[in-house]
Amino acid sequence: MITSILTYIFTAITIAPIVYILITKNVIRAVFSLAFSFLGLSGLYVLLNAEFMAVVQLLIYAGGIIVLMVFGLMLTKTTLNKGFITQHRSLFFGSLVSFLLFISLAALAAQSRFKVGFIEQTGDPVAQIGQLFLTDFIIAFEVVAFLLLVALVGASYLAKKSGE
Amino acid sequence: MTDSLLTLIIFFPLLVTVVVLFLPNGKDLLIKEIALGATGVQLVLSVILFFTYDASLQPEKWSNAFQFVERAKWISLYLGDYGWLQIDYFVGIDGISLLMICLSTFLLFVGVIASWNLSKNVKGYFILYLILSTSVVGCFAALDFFLFYVFFEFMLLPMFFLIGIWGGPRRGYASIKFFIYTLVGSLFILAVMIGLYLSVEDNSLADQTDEVVHSFSLVNMMDGGYIADGILTPGNATEFLGMNIRWIAFIMLMVGFAIKLPAVPVHTWLPDAHVEAPTAISVLLAGLLLKIGGYGFFRIAYGIFPDAAVSLTYPIAIFGMISIVYGGLTAMAQNDLKRMIAYSSVSHMGFILLGLASFNVQGAGGALFQMVSHGFISGALFILAGVIYDRTGDRGIANFSGLAKTMPVFTGFVVVFFFASLGLPGLSGFVGEFLVFLGALGSDYLPKWIGIVSISGIVISAAYYLWALQRMFFGQFWTREKVWEKTMYDLTARELLLLIPLAILVVLLGIAPNIILGPVNNSIEFFVNQCFEQSQLYLAQ
Amino acid sequence: MTLLKTIWPLIFIIPLFSGIIGGLNHRQSLKLSSFGIAFGLFLTLILVWVLDEPLILEWKWLESVKFGFSIDRLNALLVLLVYLITLLVQVFSITYMEHDPDQGRYTAKLGFFAFSMIGLLMSNQLVTLFLFWELVGMSSYLLIGFWYQEAGRSKAARQAFMINRVADAFLLLGVIQVFNNGYATSFTETLASGIQWDGFTGICFIIGAFGKSAQFPFYGWLTKAMAGPTPVSALIHAATMVTAGVYLLVRISPALMEWNLQVIAIGGAVTAFMAAVAALTQFDIKKVLAYSTISQLGYMILGIGVGAYQASVFHLWTHAFFKAGLFLAAGSVIHYMHELDTTKDPQDMRNMGGLQKILPVTFYAFLICGLALSGLPFLSGFLSKEGILTGSWLWGQSTGNYLVPILAFCTAGLTAFYIGRQILLVFFGETSFAKKMLEPLVTIQAPLIFLAASSLWFWNAINPIDPLGWFWNGYLFADLAATSDQHSILGVLIGSIVLTLSGLGVAYWLFRPEAEMARGFKKSNEPVQLAGKISFHGWYIEKFYDQIVWLFSKVVFGAGWFDKKIIDRFVDGVGVTGVVIAKVIGWFDQNVVDGLVNFMASISQLIGRFVTSFQSPKIQIQIGWLLLTLLVLLLWFQYLT
Amino acid sequence: MMEFSLQQVIEEIALLRFEAALILGSLILLVFGMLSNKEVTYKVIFSATLLVSLFMVDVRDIGASATGAVSIDALSGILKILFAFISLWIVFFHSRMRRYEHYFLLLAIVIGSSLMLSANHLLLFYLAIELTSLSSYLITGFSFSRKGYEAAIKYLLFGGVSSAIMIYGISILYGLSGSLSISEMVITTQMGPLYHVGMICLVGGLFFKVGLVPYHFWVPSTYQEAPTDGVAILSIVPKIAGFALLHRLLVNFELLSDPMYRQIIAALGIATVLMGTFGALRQDNIKRMIAYGAIAHSGLVLPTLLISGEQGGLAFIWYVTIYAIMTMAIFMIASMYEDFGIKDVKDMKGIGIQFPIMGTLTLLILIAQIGLPPTAGFTAKFYLFSAIWNEYQTSGATIMLIYLIVGLLSVVLALFYYLKIPFHSFLGTAESPYFGDFSIISRSVVTIFTIMVLWIFISPEFLNKIAFNINFIGW
Amino acid sequence: MMEMLNPTYFVFLSLFIFCAGIAIVIIKRSAIFVLIGIELMLNAANLNLVYFSQFDPGMNGLMTSVFVVVLAAAEVSIALAILLNIFKHYKITDPDELTSLKN
């Protein structure tokens, strides 16, 4: 029961900022409301037995990506009087497409049967995750490491060029 | 030596091309000499071919009708449900291709001399030229449809550039037009080729005997090696637009080759291409490339679809007749000497259609002879037109008058070749026309009036040639631009060197046509008989 | 036989050689080649002498077509004639062409002509005949257009050749018919087989022969042929080439059907009459002779048609002499007219008159030959014409068709009249040229004298009124003499003499020097009344040709236009290719390079623009399209599964 | 919980030794890059890495790792060889002072692509695609021009959305099946229609990689603006890998047995061919035109995936090999013209006359691109069309016939846009002569490619053997 | 741990987030907004993965979502690096004003 209530609360925390982002034209506000949304999402993750993921969400998204975006905004701010206000375009087209997608996907989802069957969790999930990183997901782990290296090298090189 | 003689003839210029490719840019004269040598070797080899050809061979089937046969597996591919696909390097000649090859090598040799004055990008020119010579000869020798098609396509691009780069002021237009027309024609041929290869079976070279082997061998196609239910197998009742599929295929081939030939009404690329092409290329265009259309009729359209050919003699003959008369009439309306000659080619190529349509030995022999003779005559005519163009940069018939005064020798040659082209007996042009008329009027398949109307072609051709002669060469000496009067000198030694052999050949063939028709007579007879027998066989199915 | 086989090729080839040799040597070419021709003449005499059995030579030309010659008495004699006239003409030309820088070319062409003509006469196979037939036509073309720098002459040459070519096409058709119908393909075999050809084939041959022999409706070319040098006219367009048609018909007449022969007879008669009428009013000295030639050829053709081909051959023979004589004489007149006064047209009879005193030898030669033409007794022309008239009369009697004999007789009278007129107008009356000139060199005189002399009867027959008494008759037609009996009939004899005399008389009455018409002649113009106009314009045959040519040219330019505007565009307009070319035509002239881009753009205008319209440069629109497509796919799935 | 074993890890790494070698090489490159300033050093290490890794491939080494993350078949072995072989030629591009990062990223693309070939787990699949994508975005930006950055950001945004859609699809599939392993995922019809959504989204990610409609939007601008050697890699390696992976998906999920999928995929393929062909007609920029041509090529490779049996596999191997060779050649040529400052077709006037050999090589390569004899491009198209025709004959699906017709049409139209280049370069007249000359190395390399293209046409046995030696079971 | 929530609840929730991301990507003019949209789409996927991972003993979904987050970060960093350059050259960051690459 509590879980349900918490779920609804966190859902609200997630959805409300998203709706605000949809409406607002202010970029900086949108970025910060995105942080709130992520907060709600990590709450949901906790409810879904994914504490590790909730932490990651908070650390990387709220702590990393959002900050990165804010920095980006600062560095590319055009003019003061224009501020962080942006415009909407293809409003009708965009809403139509996304709305229709939502409707049709929802209709399909309602007919679908997902593979849900409760299983008993054994042991510490976080420890399990750590183990998985180095066993089943060792390849992915190494690949993502290399990927980050690539991103690092490339992005820094590009950024260096922009500084020149 | 004779084992690989054909291959040598075909690929020798290509070998030389590689040599030329690595020569430095400046050595124009050397390149010309090399090209001359290469085509000269080709010519000598083809003369050897001519004399070692066994004229007495009397084949019973197409499979033993060819000499100097070389065959090697090229591409062999397993296509699952379809069995094996087999492409061979398969060359060989019978009388028909023998003559065509000899004609080609001769004209290619002449063409090199004709382009001796060239100074713009000599290396590129001769590389293209040599590639062209390989593909032309290869086309005439190929007995594998795929190989034929490859050579056929291969011709397109060198020609495109030879016209497009070294041509006259409207070369871009002409080359594109040439390219597009020929390409469209070749697409028709491609479609039929694929249909044919799906419908035939040929196990002669295959290791796998338990599977169906589809091969592109023309010989097998001509001998009727069809599988039971192929799309183009005789007796297949598939209809399209109310016509049997074989008929459709034949018509597609006819259209494809008629564009190359060219026959009215798909001839309009020819005048433009001729007018814009440089002299030597005009010579080749008229002398060889058109003949590939005619050769295609012989070897492919008639050889493989005799049943359709027999049934469609009437329209083919009518198109031939229209080409003869209409081409002549349009030639008369031209103001450009080269254009006139080009249209006269259209007219003369009509004889090939008419001769083939008559479906007898005389007609076929006439068509073949016409191809050879037109090769020489039109070659010479384009060289002559090129002479004036060299001197003045103009070819307008109305821009000159009385050239006989300043250029008597030139005029003499013009008279000889004009008369040869208008079919004066004693010169080679007459023989082909005579045989074609003999065939057309004696044909069991054609009504007389087609032949009779076509005979008016000889009057029309006389009309435009003599009119041009009168306007350009007779009368008081006059040129539109005063400057030209000074540049009007008579033939140079090089031009004489070009024209005298051609003139000798034209006279020789006119007096004694049997020196070339004799050796190939068996082939022509066999061609006609085989077409006839097979058509009866196929039609019965 | 061995002798024959040795000299035959020589006879055949000598003219060609003498032509080539003559052609190489510029100044002396005519003289040199004359020796060659003389040698050939000598050989031909031997040939005629020794020839007994026909000699047939054949070899394979094509697999199914033979090439062959035969030499029998008829063509041996005609070859002799060709040699003889050629020699005379060459000798005559030595002076006539003295100042022409192109003498060498002239000689070469003459030699080439003689070669072709001899080949024609010797041909046995029809294909061979056609070959030389065309070569003769070509050499005639070259000789008519000898003075190519004068546009009118080269044009006349072309027209003459074209008219011939039309007829030749029919001849070719006839030859092909013979092949395809399985008839014998040589004269000797045709004669031996006795098979009759079908009428169509016969008509084709007849048209061919009519063309070469300048019969209606082809006779117009002969007047145009007068543009050539006058000796050439004498040789080709009077004595030899034009008789080729006659010769051909003589050869094939056994194979022709009855109605074919009627066509020949009527055609010949009509031509004879028409040409005689046309000759009445001409001003040009050569034109009179040209029409006269046409008329006489009509006689010969007529003779064949009525079955009197012996007489036709005889007339061919005699006509060759006196007409050549007339032409050479006219040539002499023209030559001296030209030397006397270069400003006036040397061929116009209105500028002449009284030349009798200035050119006495020419005058007498012309007189004798002219009277021979008119058919006065004791001259050769009378004899041969008598034979034809008799034949036509007998034919008229047997068929009941008197049109032919009536026309023939009328022509006889008209002939006498126009030649009388010509003689009177040219040689009698006052001369405007004061000085008297000696007639020059032997080269001019000798041929004239020879030809005039040979126009007397006794060279041909002892009996001056019996055409079958021709010396060569027995030689040529020994086997036929018994079957046909065409000795002259008294009525015909008297009738023709009366007509001739009255024709001459009327001519004298009208054109005697003191007569009104003779005096007014010098200032006369083209006739204005209808009959005169018809005559003067040669029955408007040239107008007729012009109409045809006009029509033809319309067709030609129509075709040219059609090709450029319709076919090119139509073909181009079919399919994708077409659009390409059509666009190319539009753009290329301005900008060759952009054309390619442009026409591609136009092909793909609809599709291409549609396609790339998705390719908005705006990234979000692109994403939108992507998502929209996915949406469509989803919906598709939703509804279809 | 899985049994942990070091042995497993080593085995897994052993299966990926090609990628491992490349990663190692790229790290060495990074190290040396910081030490050395000479481009030659980078090039040497780059090529050495590829060469060494070439020896790491063993076609006979087939199998899946114990964790199920990686699975290798003969096809992936062959394609890895092809990748390494083709990428080697990058060093012969004439370049203006490239930094080591450039080569490092090129290697990263190759690594990502070969990982794609080996991926059996959807996570690894996603990671491999993202690795390729991220390196591609970066390489696009490495042209350091205004338009280059513009192309890069567009590429990135488009790619971001595509990958987000793909991972969303993966998540749906995960929800439905409870597994992320391609070979283990069990699909049943009871799952309901959402399964199709997941599948479309997943396949869409690969469509993005190979540039098929509707994921083709990024191709023209990226190809136009990215550094040419980068595009050369980009247009060959990830694309071929994408097709191979797409094939694996289609086979494992048995999508091909569903006529609906066949139809949709074929329809999208036809749309791609048309889009590429008609789009190319309007282009003047050489690289953009080639880009549209590449889109059309993608559309032509697609049907081979729909054709099961040897014919399809053969056509695929042929087409991608020839495509790789001629595309590498055409971009090398494009970069050589770029050195002359030529970016537009219209700038090429008369260059073929001044440099006839170069012009001829260009022409031959373009003929191969069009698919005319005497080039291997013709053979490839020939096999392709034969296979399509056969498929039409056996299945009777009209869409295959349409595919065939559209394919032939694209050949005809390709003639027009590709031949614009030789048309201008030979038939046009230069306003002023071009200064300088093409570097001899680039010329020789292009010559080698041209000879390859001609030689394979004349003697196709070699490729046929390779194609036949692959076990086509499952194709 | 607690009672199972209806799976469609989370699926709908993630679907909403996903579609909202799409709407943002298409509608907003700023590049940052587009990035936000992409992040939302990724988070929608993550939510699904995490939710369904509960029923998977291998925890594949959870692991995947961790990697997705990492990748998202990498992507944003690259995007910003490029954006900085774009800003330097164009003085704008709105992607729909970048229209120099036309057909």
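Letters are used for the chains, namely A, B, C, D and E, taken in the order the chains are written, and counting of residues starts over at 1 for each.
In this text, a contact is a pair of C-beta atoms (placed from the backbone, for glycine too) under 8 Å apart; a residue touches a chain by one contact, two chains touch by 3 or more.
All of these numbers come straight from a predicted model, not from anything done at the bench.
Asks: Where the centre means the average of the CA atoms, what chain is farthest from chain C?
Replies: Max centre-to-centre separation from chain C belongs to A.
Asks: Farthest chain from chain B, going by the mean of C-alpha atoms per chain?
Replies: A
Asks: Which pair wins on C-beta contacts, D-E or A-D?
Replies: Of D-E and A-D, it is D-E that has more C-beta pairs in contact.
Asks: State which chain is most central when centres are taken as means of Cα atoms.
Replies: The most central chain here turns out to be B.
Asks: Quick one: chain B and chain D, Cα centre-to-centre, how many Å?
Replies: Each chain's C-alpha centroid was found; their separation is 44 Å.
Asks: When the centre of a chain is set as the mean of its C-alpha atoms, what distance in Å lies between chain B and chain C?
Replies: From the centre of chain B to the centre of chain C is 37 Å.
Asks: What's the distance between the Cα centroids of chain B and chain E, rounded to whole Å?
Replies: For chain B versus chain E, the centre distance works out to 67 Å.
Asks: If you average the Cα atoms of chain C and of chain D to get two centres, how far apart are those centres in Å?
Replies: Here the centre of chain D sits 79 Å away from the centre of chain C.
Asks: Which positions in chain B touch two or more other chains at once?
Replies: 172, 176
Asks: At least two partner chains per residue is the criterion; list those residues in chain D.
Replies: Within chain D, residues 1-2, 121, 123, 127, 130, 134, 138, 141, 144, 153-154, 157, 161, 165, 175, 178, 193, 196-197, 220-221, 279, 282, 412, 423, 427 contact more than one other chain.
Asks: Enumerate the residues of chain E that touch no fewer than two other chains.
Replies: 7, 11, 22, 25-26, 34-35, 46-47, 51-53, 55-58, 63, 67, 71, 74-75, 78, 81-83, 85, 95-96, 98, 100-101, 103
Asks: Chain pairs that touch, all of them, please.
Replies: Applying the touch rule to all chain pairs gives A-C, A-D, A-E, B-C, B-D, C-D, C-E, D-E.
Asks: Using the touch rule from the top, collect the residues of chain A that touch chain C in their complex.
Replies: 89-90, 93-94, 97-98, 100-101, 104-105, 107-108
Asks: Sort out for me which residues of chain D touch chain B in the complex.
Replies: Its residues touching chain B are 309-311, 314, 353, 356-357, 360, 363, 367, 372-374, 379, 383, 386, 390, 393-394, 412, 415, 422-423, 426-427, 460-461, 464, 468.
Asks: Taking the complex as given, what residues does chain C use to touch chain E?
Replies: Touch residues, chain C against chain E: 612, 615, 617-621, 623-624, 627.
Asks: Help me check something: in the complex, which residues belonging to chain B touch chain C?
Replies: These residues of chain B touch chain C: 170, 172-173, 176-177, 180-181, 184, 264-268, 326, 329-330, 332-334, 343, 361-362, 365, 402, 404-405, 415, 419, 424-426, 430-431, 434-435, 437-438, 441-442, 451-452, 455-456, 458-459, 462-463, 466-467, 469-470, 473-477, 512-514, 517-518, 521.
Asks: For the complex, which residues does chain C have touching chain D?
Replies: Touch residues, chain C against chain D: 576, 592-593, 596-597, 600-601, 603-604, 607-608, 611-612, 614-615, 617, 619-620, 622-623, 625-627, 629-630, 633-634, 636-638, 640-641.
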